[in-house]
């Protein structure tokens, strides 16, 4: 039996997912341009892995495999995971991450819509905790490395752990600016001195600052198309900027600037694409503000005081835990529950 | 020890070395009393009260009664003291305020078999904490316990409606959820140097 | 069914403390990083449970209602302290690894639960057996979990066995996967939760298959509504 | 040795006095749980639980003498509620439990009824009208469908008729979408 | 004078499809060969038939009396013979049958005596009784007895009478056409309502996609002796919902669980006002209404239809198109329901018969999982969190659903409309609501049974004591009557159980 | 009131009986196991300290040679000081083992034992406690890798001050790519410990080093 309404709107779930993928494309293009084509290999690998795991999980659970694959959510997860780990990560690393994302974090909970933790970030967290070494070997920007892996070399490296004769891992990889900053601060260098080291650009890391700008552009597109709402990105960026600004103003030589925090690491990706995952984020308007602001705060705390270089994944996961409570405490009063003016 | 030190103990016990998710203590109530938010809050409050009190009392017993000489009586005397506190609190609350009893009382008997309650005093001894530190450690530890419990209960209530594979329903998914929570809490690693 | 068989089956499968009752979880989760530790703590627990149940069963008719629990706890705590000192004296390295979790057997709720549920109502022998088998149930899960975590985490089995059995046992360690890079998560707390979650799911699966096999093939029970939404 | 015994004795005396004192000083009566259980039972008074009516069953549950899964008219929803009230695990109906039936009411065949009043005496909710030697009828709205009146009837003129689905008691069914894939 | 309007939260803009049927004037539908008049056409107790098969009835004659408080009478739509009183298919989502009075028209269409009422000189309570006997129920959809709503009760008066000309559902134009063609009658009905309510003010709210109706009503209003304010409101579904309309016009919110009167407003459909006018000023009971027949038909149009006319007659009048018919909806596409059997009659609630085709109303795509995107929450005019209601309804956690205000849902369908996963959300809410209502009903029944059981036990106890006393008086001997009774019940139960065992074998 | 007292007394009496019996049993077990436990603990410590010394280069009981060092920035120890052990051959001090702390490890403090011969050469270094990232920074533990042997035989004289750095910073010490923080901290701490020994050579190798603190 069909129940009313008989006319449905024109938004479709697969289209939403497709648009999210589309919004990621500018950043991918910039990444290829500035860091070489390795990211394409890891995106393809993650996508293939995610679709395979998704299909297996759907089949085991007795659900429609085609219907499940067509919704596109597995691809979004795969891309976001691939974009948050080093592009030159070995193949097994990517696959382990995708496995934890798709199978453990998503399908054990019942698949799309039923999961409580952001799948991509569960994958990332498992990897950074278990394999910190490959997880901190990031591709060096072309402008610094001088030499780079072309597509063929990248495939050989990722799948075969094999580098061209004239290259070393040290030459093609580098620590991220966030990582360098924290280790150098420990050696009592000032922020100003550290910022002059290679790997730092105008306001973020060399190259990665432009990738961040591309994420921002993609995010604004999602906002404009009303795929995401403004509350989470704004609150996240706002609280991260506010926290870093306060400490930066107190002592600019010991604390990184707000600009740096926004442009470095996964801030932009996190603010527009990850913290906004509708399934695992808070849903009420006030809840979204609180959720975003807390993630921003946690990112800052983890970056400045924690052991892990970037706090986006942990911030998001920690707030995922609190989402049910946030949602139930920030329920807006329905029509007729507000107390009527006499 | 200054204010900053005390603050660090609190942050450390509540977040960084969360008694449940990092130290793996108090698992039974964590899984047993987290099916409903309401009961989780009650259990958290009751545990916080008993643990803080028990932590302080245990310190006094260890310091003034046992010393190094009778250290082997630590376990038994701590548990006796805690059982006494729990029992007294239970009967007192029940008599003094039926309302409060309905909120907290039914959880009190469960507290004696929460190993965090004995674990924290023992950790206090191990860490050579003074009286104030012991109190704070007990309080922070139990707040950490309550925090994890309440958050977990929220998640489990939501999971009730999820369409998950049958064999994972119930305890199994609760374990996996606790695992991911513990993974997330690892994000606090390094904030307070151990 | 033979009552003793029933007791054994309850401890190991039907009422398994770790998988079904979800009691006494802390040691199971915290100490299962490898088989050696798991075995050590499991057996210690089984011994404590057997003797505590025995003690309680002996005194069960000589307690008043309001002193019952405290007396039980006293008995358990004494047993634990004895085991604690004995292990400290005779398997010192293992004792150091298990650390705080030996005294914590006192608050292991499964111990108190069994004294309450079983020993306070039964005679000496069944009580001892019940305590011991419940302990074996815990040990079983501990060892399986320990094996999984050790294997996934380090690619070995029985590492650290020399702690319990002395240096002779050093080369008993089995390197199942040579040159394994190690999967750290497995040995960290999250790994404990994941592992136990999987074990419980596996148990559910076996139970389900069992039930499905037992059900008559003609049964046309309606499918649960909740499975109807894709 | 002496020190140990002294310390332990001290603790024992302390603990014992606290317990003994507070047990008497703070003594309170228990909440009447029977009422709360009885409020959950469907009051069909049908005895399918093996007790002569809902209240006796409630008393049995309260005293721990009966399981919570014995009342078929209450359905699984009833068991869930009992489980929640008593803080125990939900327990599905055992295999021996009577299968749930559609709600029915008793109907007396007016041509056969001899007016013996036996059914009237058996009905726990006074849903049957009539006097000696006169034809009896069932008030549909009052009948709980407990079937207690059927057995006593000497001429077997009482039957249970399922309550028909009408526009006023019709319910919306669980939505089933085209994508349904049933578990195997 | 420009009124300051407010907004309600959410709402949607489905394509309105009004022009198909609004271009043609209201036609009078012919008398069908058979009229099927259900006794339950209004909300509340069904009316009680007062005719027998074989009786001759005149047009407008009462054929079923109002039964109980929330009820109204039912009348013969034309003159003829009652041929049967039996269960017939009715317009209801269940597709079930219901008691109906079947009339064979004689074609003469003879009226009973019609007596206009001098309402200005009549006590309100008598006037309300007349409306009840005239069968007036709300034509806005809920078909609630109008006479009850016209009672200010303990309040001295209801300050604002709000006429609902919103007609926000796509496709439907019956109120539009009624306002264009019979604006004067509507306002005369409103005057009667104003008298009954003691209202200070009359406002007519009309969506601004109906400029002709607004103009017609304004013209009529300017001719009225009492001031009537005709207000154009922004077109946004469901602005015609009483709560939404009140919010737009007055800025006030009807408290949850309360009624419009709690904020000093009484809301009536314009058709209801017109029916009140016909009933009081002309003595004509509610025997017909305007029905839009539209969708996949050759001539979409509004008809004035006798209640009881089988819908298939209307569909035939409208003619076929080339496209095959894929079904029929009673009401609009947002809130209406499927009619499995098109022989079901037009009733007071029938504002529209919408004929479906696959191209106009494609079958819904398979539902996917909810991704908590909250588009539904953004669209919900009741300001609920539909994704949460769905989560709890789907998993049958009804307590939670109620806690999240399930019963404040007006089933408007906005949430399902916008859902990118195309989840039949409203269906889930209807399911949950009817399960919850059934449970509540069962609880009530249980309490009632408990009381009866207890009073029976008390009575038996009393009887027993009396008998024992009598016996003691008589012989001084003590018999255990109680035991006897117990064993009787015991025996009854034994036999019952034995019976049961037999029957299950 | 009386009932209360009686109830309290009865419970107290009952529990008294149990605690007395329990206390006696525990005390008895303690008496039996006490010495073994003490010996176990001493053995364990002895073994650890001995690991940083060349086997056979001394013949005293190391625990007999235990003494306390006062607070010193070079040792990174706290106000309560730290422990040290003297190894003697025929009563003549031939080496000392000191507790040293590297404060700037990646995950917090790293506790070390540093063995130094009378000649000022390192006889061995062991990590006692560390919180480095498992799998990354924990290669300083002997159980994970042989890295810690890089110090064997080093002295202030055979390695210059600039040499006391990891290779990446221009020194002589190897490290694992991607984890430089940890070895940096350890190298620095060992270097400091050597400097401390050099500065306090006389006292440390006197026959009663503990008296000077």
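Letters A, B, C, D, E and F mark the chains in the order given here, with residues in each chain numbered from 1 onward.
Note that in this section a residue touches a chain if its C-beta (ideal position, glycine included) is under 8 Å from a C-beta of that chain, and two chains touch if they have at least 3 such contacts.
This is a predicted model, so every value here is computed, not measured.
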**Q.** Centroid comparison with chain C (C-alpha atoms), farthest chain
**A.** E
Q | Pair with more cross-chain C-beta pairs in contact, given A-F and C-D | A | C-D
Q: Give, as an integer number of Å, the spacing between the C-alpha centres of chain E and chain D.
A: 37
Q | chain B and chain E: spacing of chain centres that average the CA atoms, whole Å | A | 56
Q.
Just the number, please: Cα centre separation of chain B and chain C in whole Å.
A. 22
Q. Touching two or more other chains, which residues of chain F qualify?
A. 7, 10-11, 14-15, 18-19, 22-23, 26, 30, 106-107, 135
Q. For chain A, what residues touch not just one other chain but two or more?
A. 1, 3, 63-64, 67, 104, 111, 114, 126, 129-131, 307
Q. Which chain C residues reach two or more other chains?
A. 66-67, 70, 74, 77-78, 81, 85, 184-185, 188, 190, 194, 225-227, 229-230
Q) Can you list the chain D residues touching chain C in their complex? A) 12, 15-16, 19-20, 23, 174-177, 179-183
**Q.** chain D contact footprint on chain C (complex, rising order)
**A.** 66-67, 70, 74, 223-225, 227-230
**Q.** chain F residues within the chain D interface of the complex
**A.** 3-4, 7-20, 22-24, 26-28, 30-31
**Q.** For the chain D and chain F complex, residues of the former touching the latter
**A.** 1, 4-9, 11-13, 15-21, 23-25
Q.
Applying the document's contact rule, which stretches of chain A touch chain B when the two form their complex?
A. 60-61, 104-105, 107-111, 114, 116-117, 122, 125-126, 129, 298, 301-302, 305-308, 311, 313-315, 317-318, 320-325, 328
